[in-house]
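Before anything else, here is the set of structures, which you'll find just below.
Below are two complexes that have chain A in common, paired first with chain B and then with chain C.
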Partner chain A sequence: MILKSKRLFYLLCLLLFLLIMLLSPLYTSDYFLILVSNILMYIVLTVSWTIFSGPTGYISLAPAAFFGIGIYTSAIMGSQFSLPVILATGAAAAFCCALLVGMVTLRLQGIYFTIFTFGLVELLGEVVQWWEVNVTGTTGRIVPGTEYTTVYYTMLGIAVVLMLTAYIIKHSRYGLALQSIGEYEEAAGHTGVNVTALKIVSFAVSALFMGACGVIMATRWTYIDPSIAFNPLFSFLPVLMAIFGGVAHLFGPVIGAVIFSYLEEFLTTQFPYYYMLIFGVILVIAIVYLPTGLTGLIRKLGGRLRRRHANT
Partner chain B sequence: MPILEASGVTKYFGGLAAVSNVDLSVERGEVYGLIGPNGAGKTTLFNLIAASLVPKPGIIKFNGINITGKKPYQVCRLGLGMTFQTVKIFANMSVLENVLLGSFFGSPKYVPLSEARKRSEELLEFVGLSEAAPTPAKDLTLSSQKRLEVARAMAGNPELLLLDEVMAGLTQTEVSEAMRLVNRIREQGITIVMIEHVMKAIMNLCDRILVLHHGEKIAEGTPEQVAKNEQVIAVYLGE
Partner chain C sequence: MIETILNVVVDGLLIGGIYALIAVGLSLQYGVAKVLNIAHGEFIMLGGFITWTSYKVFGINPLLSVAICGPLIFVLGFVLHLALFKRIRMTSETEGAFEGNSMLACFGLMFIIQNVAILIWGAGIKGYSYLGFPVSFGGGAVFPANRLTTLAVAVIICIVFYLFLSRSHMGKGIRAAAQDPDTAQLVGVDINRVLALCFGFGALMAGLAGTLVSMCYKVEPTMGLEYTIIAIIVVVLGGMGSILGSFLGGILLGLIGSLVSHIEPGLTLASFYLIFMILLLVKPTGIFGK
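Our next item is the complex of A and B:
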């Protein structure tokens, strides 16, 4: 009974928050919308990364590759098609690419998988660069811009669908199976889990959201080239944000993304020369002292408080 | 038709023949023992049967179906459950979740949550772990972890269960308990192939025993026959 009302309370809070988010373009500035869109972008990249890498422990450094695919889909289709069509295409392209990559790489164990996925970002960047120079004869592309509110609402929509998807997967039998793969892959297979198929499909589902995210971000940036689209930072940051926030709960990566992207904004304006350094130091401290992330720390503190309560 | 049939099964690791030209045939309802000195190839033979390794050459049939070259999950869903010599539980998942996973994925048909939950709770009861259901599996004692593996392997309603040294490292009382468990599993109509070094258990439980030495089958028969076999005596005394 208590559990149920508590869950209802959380749900109401979430709905209220969503309502505020939906109405905020009415009473806030463009600057605020851009800032929040940026934060939402990191939330999408981080949470979608967590869908696959969180439970299985396969650290993927491919987000930038799928994000870049979305960006280039946007750049290529930009002027001829409507946004929903481009979004669907970008997401589908990223999904299919991840299926292919997954089939090849998910046989690899641990660190080899990580290295390969990172290589993928570089590879795609180089291939697109080569193509642009030798075939189309350009270096960069102009992407038709969209209004700030459109970017904002699209990003919010992607984030909401993503959170729902991640929640459903996590609490389904497939979430349990993904976790069992992370715990003991061999035993998972002998317990009846089709390990390979599950890894490939969940990897592709996470890529789908990264692709959609790239599509809409490109319309905000308006100019892109291979080094912007396939920037390895978009692989590293989601991983760091997820680890910083903690992957055991869905809100971990969200909190990590919010704090980190705000920090990035703050540091780049206040300390433009040292921001990477400060960033790095905070990260190292976080990883050393918060092995289960912020949410892990909060849980631990919560547990301690409750115990103290029980003692008195 | 035998439930499990292996013919000419061989597996090389580099130049070493871990299992070499082994034939075996297990009848439905039997408890079949697999013994031999350390490094004889017993665990490797299990891995071949359960499809983590592929025999080369050799053929393995389960219920008359050739399962050579299938994936572990496919063999599992056909009705073959297994436990591991070094326990391979899902350490950070709860005891119940460990078994739930097997209930969801271990059989070929779709099992709804309520049914999976019921089945898992029954199995935890069956192996005596009901109390521990919500605890993380890593907090269990070794003997409980081994029973958890048995429950997980049984969750997919297997017809054949491979038990790899479920009694190793247990105390006297725990061994007797484990022997009773094996008998209770057998009463459910499940065929069992077990690897064991605890001779008392093997001699008491098994209908037939196969003895492996350096990857080769050196004897097969009832416990009495095997105990009298000169080659077997030589191998065990020579150890």
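Our next item is the complex of A and C:
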């Protein structure tokens, strides 16, 4: 009974929060909308990264590749099609690319997979750059822009669908199967989990959201070139945010993304020269001292408090 | 025709020497210390900038700055391992977890070193000219003396290091740790010291490669990542942890790069990635690996 009412309370809180988010364009400034859109972008990248890499422990450095595919879909289709069509195409393109990459690479063990996915970002960037210079004769592209509120609502929509998907996957038998792959892949295979198929599909699902995210962000940036679209930073930051927040719980990556994207906003305006330096320091400290992330730390502290409470 | 072939081959050998040196360093860090050092290229950049500073500001001959650059960067690598990777190794439950965590920590290091370098030297491109006069080969091929010097120095460093590993007492300890860290510890190898030494030596070789790079090319704070990627490709090409494989792989990749850039310069890096990806799929243990 208590459990049920607690869950209902959380659900109501979430709905209320969503309502506030939905209504916020009515009473806030453009600056606020842009800031929140940016935060939502990092939430989408980070949470979708966590869908695959969180439970399985395969560290993918490919987010920038799928994000970039979305960005280029937007740039190529921009003027001829409506936004929903481009969104669907961008997401589908990223999904298919991830399927393909997954099929060939997910046989690779841990660190090789990571190196490969990192190489993928650079390869796509180099090839697109070469193509643009030698075939189309340009270096950058102009993307038709959309209004801030459109970007905001689309990003919010993607984020909500993503959170639901991530929640459903996590609490389904597939989530458990992914977890078991992360713990002991061979044993998972022996208990009847179709290890390869599951890895490939969940990798592709996570890419789908990254692609959609790229489509909408491109319309906000309005100018893109290969070094913007395939910036490896969009691979590193989601990983950093997810690990900082903790991947064991769904809210970990969200908290990590919110803190870091706000920190980015703050640091780039206040200390532009120290911004990446401070990022690096936080990353190293997070890895060395917070291996389970913020949520892990909070849980640990919470457990300690509860125990002290029980003792007295 | 013969002139072109000679040009491509010698050019490949010249850049291949530097690739080999970089890759041997990374191979030591990954093969023994199990740290896939994404910040490897930053040590090359540091080496380049230290050499630039000692030449431009103090007027020290770039070849002599090997003696300044080497020890400085070795100590940096040694201390980094003791301060960071040793702790990560203690707290990581499995070897796989350690590899993942230490690699992510290296990403952090990459940002830190790069931005500290920007704060010290500025974001611009720096260069100096040293031994720029041409040396002529038979068949009409002409190469600048500084690039020939770098190849010679790179090969000498690799040979000295190979002898150190195969002949010296400490080298034996390193090889033992590479094969089986737990058993090495049982027979009296101070594992933490050996791993830190390996990381230090890896950084040292990157630093020396940086000195050589700065003698031929311009240096800038963001140059590291490209070299890191090349080093990773070479290490996979030669087989993880094999010093000789890394050396040969470096020369081979230099030759491939020189050939591709002769045909289509814009696709050199892309061709490296392509080779790398095909290799990972077909033979992830490397062409010289077991």
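FYI, the second predicted complex is superposed on the first by the 312 of 312 C-alpha atoms of A that agree within 3 Å, B and C clash if a C-alpha of one lies under 4 Å from a C-alpha of the other, contacts with A are read in each partner's own complex, and residues count from 1 in each chain.
What we mean here is this: a residue touches a chain if its C-beta (ideal position, glycine included) is under 8 Å from a C-beta of that chain, and two chains touch if they have at least 3 such contacts.
The shown structure was predicted, so the numbers you read here are calculated from the model rather than taken from an experiment.
Asks: Just checking: does A:180 make contact with chain B only, chain C only, both, or neither of them? Give me first, second, both or neither.
Replies: first
Asks: Is A:189 touching the first partner chain B, the second partner chain C, both, or neither of them?
Replies: So A:189 only meets chain B here.
Asks: Between chain B and chain C, pick out the one touching the greater number of residues of chain A.
Replies: Higher number of touched chain A residues: C.
Asks: After the superposition on A, what does A:263 contact: first (chain B), second (chain C), both or neither?
Replies: Once the two structures are laid over each other on A, A:263 reaches no partner at all.
Asks: Now for A:104: first (chain B), second (chain C), both, or neither, which partner does it touch?
Replies: In the superposition, A:104 contacts chain C only.
Asks: Given the touch rule stated above, what does A:88 touch, chain B (first), chain C (second), both, or neither?
Replies: The answer is neither, since A:88 touches no partner chain.
Asks: Touch test for A:273: chain B only (first), chain C only (second), both, or neither?
Replies: Only chain C; A:273 stays clear of chain B.
Asks: Taking the superposition as given, does A:112 touch the first partner, chain B, the second, chain C, both, or neither?
Replies: A:112 sits against chain C, while chain B stays out of touch.
Asks: Looking at A:288 after the superposition, I want to know if it touches chain B, chain C, both of them or none. Which is it: first, second, both, neither?
Replies: Once the two structures are laid over each other on A, A:288 reaches chain C alone.
Asks: Kindly list the residues of chain A that each of chain B and chain C touches, one partner per complex.
Replies: No residue sits in both footprints.
Asks: Which positions of chain A touch chain B when the two form their complex?
Replies: Contact set of chain A toward chain B: 173, 176-177, 179-180, 183-184, 186-196.
Asks: Would you pull the chain C residues touching chain A in the complex into a rising list?
Replies: Touching chain A from chain C are residues 36, 84, 87-88, 91-92, 96-97, 99-101, 103-105, 107-112, 114-116, 118-119, 225, 229, 232-233, 236, 266-267, 269-270, 273-274, 276-277, 280-281, 284.
Asks: Note which residues of chain A are touching chain C in the complex, please.
Replies: 57, 59, 104-105, 108, 110-112, 114-116, 119-120, 122-123, 126-127, 129-130, 133-134, 232, 236, 239-240, 243, 273-274, 276-277, 279-284, 287-288, 291
Asks: Considering only the defined contacts, which chain B positions touch chain A in the complex?
Replies: Residues 50, 52, 71-73, 76-77, 81-82, 84, 88-93, 97, 100-102, 104-107, 113, 116, 152-153, 155-156.
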